[in-house]
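Order as written gives the chain letters A, B, C and D; numbering starts at 1 within each chain.
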Amino acid sequence: MIIVMKPGAEPRNIKAVLSFVEKNGLQTHLSRGEEVTIIGIVGDKSKLPTENLISFKDVDHVVPVTESYKLANKKFHPEPTAVKAGSTSVGPGTMTIMAGPCAVESEEQLMTIARAVKKSGASFLRGGAYKPRTSPYSFQGLEAEGLRYMQEAARETGLATICEVVSQEAIEAASKYVDMIQIGARNMQNFILLKEAGRSGMPVLLKRGLCATIDEWLNAAEYIIAEGNPNVVLCERGIRTFETATRNTLDLSAVPVLKEKTHLPVIVDPSHSTGAYKYVPPMAKAAVASGADGLMIEVHDNPSCALSDGPQSLTFENFDRLTGELAPFCELAGRPLIK
Amino acid sequence: MIIVMKPGAEPRNIKAVLSFVEKNGLQTHLSRGEEVTIIGIVGDKSKLPTENLISFKDVDHVVPVTESYKLANKKFHPEPTAVKAGSTSVGPGTMTIMAGPCAVESEEQLMTIARAVKKSGASFLRGGAYKPRTSPYSFQGLEAEGLRYMQEAARETGLATICEVVSQEAIEAASKYVDMIQIGARNMQNFILLKEAGRSGMPVLLKRGLCATIDEWLNAAEYIIAEGNPNVVLCERGIRTFETATRNTLDLSAVPVLKEKTHLPVIVDPSHSTGAYKYVPPMAKAAVASGADGLMIEVHDNPSCALSDGPQSLTFENFDRLTGELAPFCELAGRPLIK
Amino acid sequence: MIIVMKPGAEPRNIKAVLSFVEKNGLQTHLSRGEEVTIIGIVGDKSKLPTENLISFKDVDHVVPVTESYKLANKKFHPEPTAVKAGSTSVGPGTMTIMAGPCAVESEEQLMTIARAVKKSGASFLRGGAYKPRTSPYSFQGLEAEGLRYMQEAARETGLATICEVVSQEAIEAASKYVDMIQIGARNMQNFILLKEAGRSGMPVLLKRGLCATIDEWLNAAEYIIAEGNPNVVLCERGIRTFETATRNTLDLSAVPVLKEKTHLPVIVDPSHSTGAYKYVPPMAKAAVASGADGLMIEVHDNPSCALSDGPQSLTFENFDRLTGELAPFCELAGRPLIK
Amino acid sequence: MIIVMKPGAEPRNIKAVLSFVEKNGLQTHLSRGEEVTIIGIVGDKSKLPTENLISFKDVDHVVPVTESYKLANKKFHPEPTAVKAGSTSVGPGTMTIMAGPCAVESEEQLMTIARAVKKSGASFLRGGAYKPRTSPYSFQGLEAEGLRYMQEAARETGLATICEVVSQEAIEAASKYVDMIQIGARNMQNFILLKEAGRSGMPVLLKRGLCATIDEWLNAAEYIIAEGNPNVVLCERGIRTFETATRNTLDLSAVPVLKEKTHLPVIVDPSHSTGAYKYVPPMAKAAVASGADGLMIEVHDNPSCALSDGPQSLTFENFDRLTGELAPFCELAGRPLIK
């Protein structure tokens, strides 16, 4: 942490800052320049409410120099993490394809989709049983019933399964029926839910919030890991910007940034980010090329009739063509895709 | 809802859209232009998954023309709502000043602050007992103990009280001790929490999410009201933009926009939005001038030592000066401030 | 400038940075912490390409601590600047109302508008003769002819005049006919135009770019002042965000931020930022309350027929009512409005 | 264009809108719904100031349904365009690699870089002679001298050359010495410069503005083409968002969106968008995978000493490794890279 004093800061005001910091058991380093004076602070910052230093007289601004997340930080855990779920694993050397409908609509529908995506190379079946919807009047999901269908589909196909959770009850139900739980973009800073996901011990896919910085996202992952659960996968799904040609703006640069900052696996969702099925194939390839550990893609047997997010769903035919086209990209990434 | 077909759309594709819509019990109006053909849809849209229409062949885009929120919509409820809490009320003809510390730190501290803000003209005491913090290692609040201190402070001063809630348990606890509950920015689309707040019947202050559109915000309010609880107050607290000179960008234009779209009261938080105590007075005045029903302002007995958000807290002296300066602005707004 | 080294930075890499900086004639201050090592740099940063320091081995990041603008910086010029134009002046103690049509359409129209805004309390007539339009097929302005009409209107009414310029030719023409030139949002970083505006010696109103930070904006002002022309007025006109309920998001917090960072006058344009005439009055009042030195407001004799930006223009009646309502706010700001 | 009336719009107000539109020679189609009434407008919209329709009584909002750009629009020009420059061409079936320093610093330096990038597979040499810099105190470029060095480098290596232009003078100078001119992000809506670039007949690389929507970008291209110059290449270079981990946010989804909306070639600049050399290789591969026609990459003989943008420049070694790694991605895209 660095404190930058205002030009012409009075000596007694500089001294007041130094005393406050040192009284809290931290060390200070003073650099007096012609224009500005800088105070470096070294030690355990958890001991003092550092952000308040800005309230001291003649303090111009305060600059943090270390990240607040530790367990998710690659600096302290340089080896990449592999997260196991069902009979598969997400992380180094593998290309994970999660595919399925936005919302589970019926047992028959889910089974049909499960068989199709399995055949085309997916290793995970995704499907929403608890749907967070902008409007209270939109379809909200089949809840526990949907989870049971997921389990059935897993039994028949051997796919691992993943479902979004929105509450403690949903986590409890999901832990009985599926292999991995997902925390959605809107709940990325629902800290109560993060802690409960941590305590559940379940593998967790943590989607990036619509306007979350990478730093906040890694702090959200830290909430889960701090409860003793290191099984966290990050999922980039687009951020909110001024551009409206796509539903959100897929921030693919986040992939190499995360690869530098954290040891956790990173997957990319080109369906929710673009909001349009025709943009899914190019962005899926780009995600693999950028270094992602996997993809989450919406597939539906009849997109025109989907109860949720139809416009961004691939048909079986389109999904099969996509995985075929993806294979050489996965090969180049050292993550072979087995169809 | 309007469907815009692509230039040169084939007649059979246009017909397919018309059939699909009419089969779902809605009416269509066809306008054939030289460049494009447009289909207007009239009727109860809840009957068909309208967003999927984009998946039909030759459909270019789909344009919604009515808002999805109804109960929060001024078009259907033209009279402004007054929300009662404790012995006071938020809404037309009144200027509500909510003031207090970001986090409740101790009983003595809270009592000192409560007395000071009461003397300076506040009608509500605010104070966080459950703190959603970006890092799991930051101070997380006194929880139920903090709520009891709030109740004590209310008893002595006669102030109404408001506390943030982050879970079902927190809502239950808060409903015993305080007069209004607050749903914070990070939980604005935590739909489970919104529903629980709705069922509690408690007055709810709903803060705008960091990247929530006004439309999404009103849909979040709709979740609460749809549970039979019309006592919702909206609170603008800044949105996330590229600008870093202030912590967030206070979107004051949202006040007149909301006054046009909804009957719910609107208050403004200049403390969290700017993140700096020195910007609070000008933005508080601007908020009153823009038509807000109230203000939420952080006040602390010793900002340099606050356990949370010290840099944006006003001292007692600064807060008292501010309410003095605000009085004539409140007068101009037809909302007299009684000190 | 501060250089933060990576954890476990090798001594020789730290030394390489120190040598490079010192060889360029600057001083270094080293702070070794348990987690990180920090190097403070003091001296004339123009001597070394400081941003490249990030390329050195084991450097984690580089933090600038002083602003790059000097002439626009309040730290070095604490007294507020008053900018003279025609027989009036923009700055401390005055409330400047600039009003008029988005585009000059005809001599008669301009004269009618000039008389009306003068009567309602405006001190400047605004009117666009060179219009930067998103589409090449939109009305582009009357150019020099429009400028002459402005001069005519000034002669008759005594109003000062302001026109946007988009090129060297436009600056030359404008300097003959009007009292102040305006550089629009889209040209805020057209550095050639900024330099030419600087060399012209004309008073310049510099609008904020749609996605310009306050820091970039002040650097743009620095370009003008560095050419020997200190007559710069800043104009906040909304920034681009995800919110679409208003055309742009008026960043009123920029007013107190600028009042802290610069000595230049600041005016606010509630017309272009909101894009809707009905939001202009509340935001105009809020701007005055936030500490602005003035307002720029679009007024048109017949908004439904305006060739540009009709939806945000006030009628004469609405403008007159607004200035009446603004008067007590101006009084409170110590900037009386004389009608 | 569609006009949505307010609920309960009065018949005479609906009639007023219909009359106004029809009087301007356009056709109307009326759809009366239970909640809202909609008016579709068909015909030549250039005949009426359509945006002003919002000012009519009982009009709720106005929705445009066709794009304002025509010459850049794929709907009217379905075949992809190839833009010729020097002895090469940008567009279908080719992968264009533009490489070189951010700023031309000396003849010797430029020649060294030109030879290196040629050897590694580049077909264009890029180099800035006119530098738009945020601060007036930063290095501003060698201007015409730099252009002559570019010409020299082209003669020796056979590379095509591209230089940014910032003024009419720069366009004239550049047209003598280089093969393609570039309009930078900050000048994307400098309409005077766009028109001059159009009149010059030179091939133009048009970078996307920092906060330009894709629609505005295509309208900017329209300005150039409307002057009779169809030789426009678009370059995505990152947009401004709240995320600060990268300098800008590379919007790769813009590539497939543009491929759908326009016939113009699209290249991607992973250097300026990320601002960090280590993120350039993954984003370069992702850009190729997303369907881009080419890349613009900064390469410098000694990034630590570059006078501009050193942190994002690749060394010769890193650039050579990158083009080697890119080759199979180019092969997959049907755009072989010849080294």
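Throughout what follows, contacts are C-beta pairs under 8 Å (C-beta built on N, C-alpha and C of every residue); 3 or more make two chains touch, one makes a residue touch a chain.
Bear in mind the structure is a predicted one, so any value in this text is a computation, not a measurement.
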| item | value |
| --- | --- |
| Chain pair among B-C, C-D or A-C whose interface repeats that of A-D, sharing over half of the contact pairs by residue number | B-C |
| Pair joined by more contacting C-beta pairs (A-B or B-D) | A-B |
| Far-end chain from chain D, centres as C-alpha averages | B |
| Centroid distance [mean C-alpha coordinates] between chain C and chain B, Å | 31 |
| Euclidean distance of C-alpha centroids - chain B vs chain D, Å | 39 |
| Whole-Å separation of chain centres (CA-atom averages), chain A against chain B | 26 |
| Touching two or more other chains - residue numbers and ranges from chain B | 211, 240-242, 244 |
| Residue ranges of chain C touching chain B (in the complex, touch as defined) | 211, 213-215, 239, 241-246, 249-257, 260-261, 273-274, 278-279, 282-283, 285-291, 328-329, 332 |
| Residue ranges of chain D touching chain C (in the complex, touch as defined) | 20, 46, 49, 51-56, 68-69, 132-137, 166-167, 186-187, 189-193, 210-211, 216, 219, 222-223, 226, 240, 276-277, 303-311 |
| Touching residues on chain C, where the partner in the complex is chain A | 2, 4, 6-7, 27, 29, 31-36, 38, 40, 42-43, 60-61, 63, 65-66, 75, 211, 240-242, 244 |
